[in-house]
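Input: structures, listed below.
You will see two complexes here that share subunit A, one where it goes with subunit B and one where it goes with subunit C.
The block that comes next holds the complex of A and B.
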């Protein structure tokens, strides 16, 4: 199970990624053909490793906040008392998704200044929708006999939520989180246009100095992160789905 | 004892249950039958307040069922439904322990109860306790569903078409088990079904519902002999009546002195099954034996045919 071909491939990607982040000099020869004479082939205006850590941190904070808000919202609107807020919450998270992150950055910078904050806001808003919609689906498509049995056994509303509804909806909620994380990993790069420390810095530096190697290494690191995190979360979902047997 | 007094349920302009009054004696099995949409499930769900009545009172052992919060009431009343509704992410043992856990029973007591119930339902606790519901067959899941409903030793057990999803062979086994368990715990059972056969097989008393009203509430024999309305007559099945009548009584009640050839039938066998045996074997009488093997006498074809006739 552990050593299937896809898993070995993932392991290889992880090893290459770590090697590149910690010892980029090893890969210099491969990237040199892409740059003009005398230009550096490896990003030299900061540590790639630290940029990656900061990039992941930004994505993690934004996704975590989006998960807490979106799941809470989904719980509220699936309760009897909150049902009337469903259309309103739907519109709100839809606006979050349709509003371009670049526009959010442009609007947030005058208020919060340059740096990480505008990026966090943009990613947070952008990440709400998939998590909210999935949590909603998960909580509204539970097997009716199971919910009925929980009520018939004498569980209170909160006991049903915590003991039955959330555990059964968890795999579907996690799918939403996974979608959100992957989108955010890519979107976070534009945060560097307003001076957030993300891997976007490498790509932007490459564009400004016409350095294809910079653009390529920034893009590839983000892509590798997205693939690895996507697969890890998918594995977690499968394990959980196997446990709840739905 | 359960007293349902003038209970009505309306959804908007539709009246689902209309002024129903019923009294269920303790330690008996009452079966509510009716076509779909007759309001039988709604009536059942008003007893444990999964549905709140629009008007009327339900009393359990003389106490209004609204005197305690709904969830506390439901912890005291067993509830088993069609398709079992087992929690898929919890093991069989955890499922059965649901209500005891909610009631805050001590761990030892809960474990002992789970083990007792699994054994009672012929499921090995060591083997089945740690399994998940999806690892069981339909019949086993249904048994665990009933075991879960009985875990907190409720005086009252409500069952909504509990055997509806089972195939005929497993269903009749499940019905036998239920009868045995009802005798074991003395639970008052109210069961909803649309299967007349099941109703006659299990019931001490049958309530027939039609369009939200109880049209007849009587013992199975009474219902056969004196159907209150043409609807009841249709439901009972006019052509089935003599056989249903024989199905209620046992051979022991029809035994007469004398001897007969062949293998004896047990005295607890229904007269219907005895008739079937007589017809199939082409004989005119069968010896009847008590549980200990002693021959009590015989049962004749003539006697059974007489008993199948409409009582006057």
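The block that comes next holds the complex of A and C.
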């Protein structure tokens, strides 16, 4: 399923997003009709720009850690020594996906306290699954002729992994990372129910004070970020896939 | 020399199960080093850790230690999968029974303030033996019917423990006892939200998917819009819907009479419905596109109308893929319905967020455990159904 927008539209989204984050006052007139009289139309309990940066930072740290761990695990279970873990790891991934993120988040609070940590844990665990699954697909569906040729050329196991298998699997792995990032961007907002500094703070403030403008701006910033990052990663995948198949 | 080492390695690998090494380390750590239960003199106070021997009467304590060591040995050695499964089930059943006994043992008589909850050692043991069970089940690769039977057995067993009051001494059950009526009301709301929105999404999504399959120009547009909806965070979508639904309730006669209101279950229902549409529509399109051309041509050849072809050929062939979409939606909705509590929509999320607010872990568990059990049950049941509808499939999801 491709989600593509014309480049011009994409650029417009980016420009509007940046303008909104840096000069939210410009948009005040558009949002004022949504709020009750005398209520603020633009989030006023912190800088939207900084919340966005913190939101992206949380997602980036969690996704980076999830990518490293998931790809390492996928490499281990596709080697000869770890082959007996392959069926089990597939089952665990299937089971893991049934755990609701809210439950993971709430259960991490007593262990790690309020704030960013439980959010990072929940995003990390949730992000593992799509990346692992895709890395596994990428590493197990390599063209056998290429792997054979590498073996024939006298490459060792680790040479084959680094020079042949990982580069070939990279576009599929990136697809997993993309799925994971889009899920994490939205899920991170739930982190604000346990006091993490994310854009969820804006939405929750809106829910609590019955301020639709807050809910809308928080939600739309996250959605715009998700669409832009999704498209950027998809472009990267296509570039890489094109280069590999030459 | 080198050959000797390889042979030595192979012999070791033959004797020890690699996963078994991990399982037995986890199990021994959980049993010997980590606390089995936490004791608190009242609900809010900091807990004190209790090991297995402190938490249980001596004969049961030694019994559990023996069982854990035996389980670790079974995991470590290369034993038949059926035997491993039996061992894992026995250990899990023993843990389930003993944590209830530990609660009664640790609570002083006539003390209604004291709270006992499972501690990290208990959870590590449960995790270790669940891992053993999952591994054994993956290796046995039971058919869908058998999987449903195992699931039913486990649920009946846990249910009878609950009904018999075996866990009543545990803190989570005391939280439950304090709000039993509310619990079932929220459970009803949770299930209604998850299943109702799924039903609505199926009713709308199937025809929409068929339409997208037939009319190519519509396809990209519809799927792009549904995709875009998925990028809106759930708490925001729930919140955004408050306004239009509030307006409908205030301005359309009869709307508020059927339960449409700005806050509460209505926006949660609509949000879950919107999230559900993409998997249903997309899988319907993919399923219909995967119908072999030959099947369609043959149907046309014998003079079937479009509608006959859809009902008797295309739909049955696409059904497993559509069902996969429904599985995704159901598991996702059961999880997302917890968020409904944030906008007054009820569901198990009420306990989760109350528990987070009061830092009462047991209250969080009272909301989280039923949610996970529901999602897990739904996943197993639908996976089995999907496998049953695919003819001659040898490959399925063991989870």
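Basically, the second predicted complex is superposed on the first by the 234 of 246 C-alpha atoms of A that agree within 3 Å, B and C clash if a C-alpha of one lies under 4 Å from a C-alpha of the other, contacts with A are read in each partner's own complex, and residues count from 1 in each chain.
One rule holds for everything that comes next: a residue touches a chain if its C-beta (ideal position, glycine included) is under 8 Å from a C-beta of that chain, and two chains touch if they have at least 3 such contacts.
Fair warning: this is a prediction, and the values are worked out from it, not measured in the lab.
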Problem - Fit-or-clash call for subunit B and subunit C when the two complexes are aligned on subunit A - result: fit
Practice task
Determine, under the contact definition given at the top, whether A:7 touches first (subunit B), second (subunit C), both, or neither.
Solution key: neither
Problem - Contacts of A:226 with subunit B and subunit C, given as first, second, both or neither - result: second
Exercise for the section: Look at A:189 in the shared chain and tell me whether it touches subunit B only, subunit C only, both, or neither; answer first, second, both or neither. Expected result: second
Handout entry: Partner contacting more residues of subunit A (subunit B vs subunit C)
Key = C
Exercise for the section: Considering only touches as defined above, state whether A:95 meets subunit B (first), subunit C (second), both or neither. Expected result: second
Exercise for the section: For A:168, select first, second, both or neither according to whether it touches subunit B, subunit C, the two together, or no partner. Expected result: first
Exercise for the section: Pick one for A:234: touches subunit B only (first), subunit C only (second), both, or neither. Expected result: neither
Practice task
Please work out whether A:103 is in contact with subunit B alone, subunit C alone, both, or neither, and reply first, second, both or neither.
Solution key: second
Problem - Distance in angstrom between the closest Cα atoms of subunit C and subunit B, superposition on A - result: 11
Completion exercise
As the complex stands, subunit A meets subunit B at residues 143, 145-146, 148-156, 159, 164, 167-168, 243-246
Exercise for the section: Show which residues of subunit B lie in contact with subunit A when the two form their complex. Expected result: 48, 50, 71-76, 79, 81-89, 98-99, 102, 132-134, 145, 148
Completion exercise
Interface with subunit C, subunit A side, in the complex: residues 1, 3, 5, 34, 82, 84-85, 87-88, 90-95, 97-103, 106-107, 109-110, 182, 185-187, 189-190, 193-194, 199-200, 203-204, 206-207, 212, 215-216, 218-220, 222-223, 226-227, 230
Exercise for the section: Please name which positions on subunit C make contact with subunit A in the complex. Expected result: 17-19, 131, 134-135, 137-139, 223-224, 227-228, 230-237, 239-240, 242-243, 282, 331, 334-336, 338-339, 342-343, 349, 352-353, 355-356, 359, 361, 364-365, 367-368, 371-372, 375-376, 378-379, 397-399
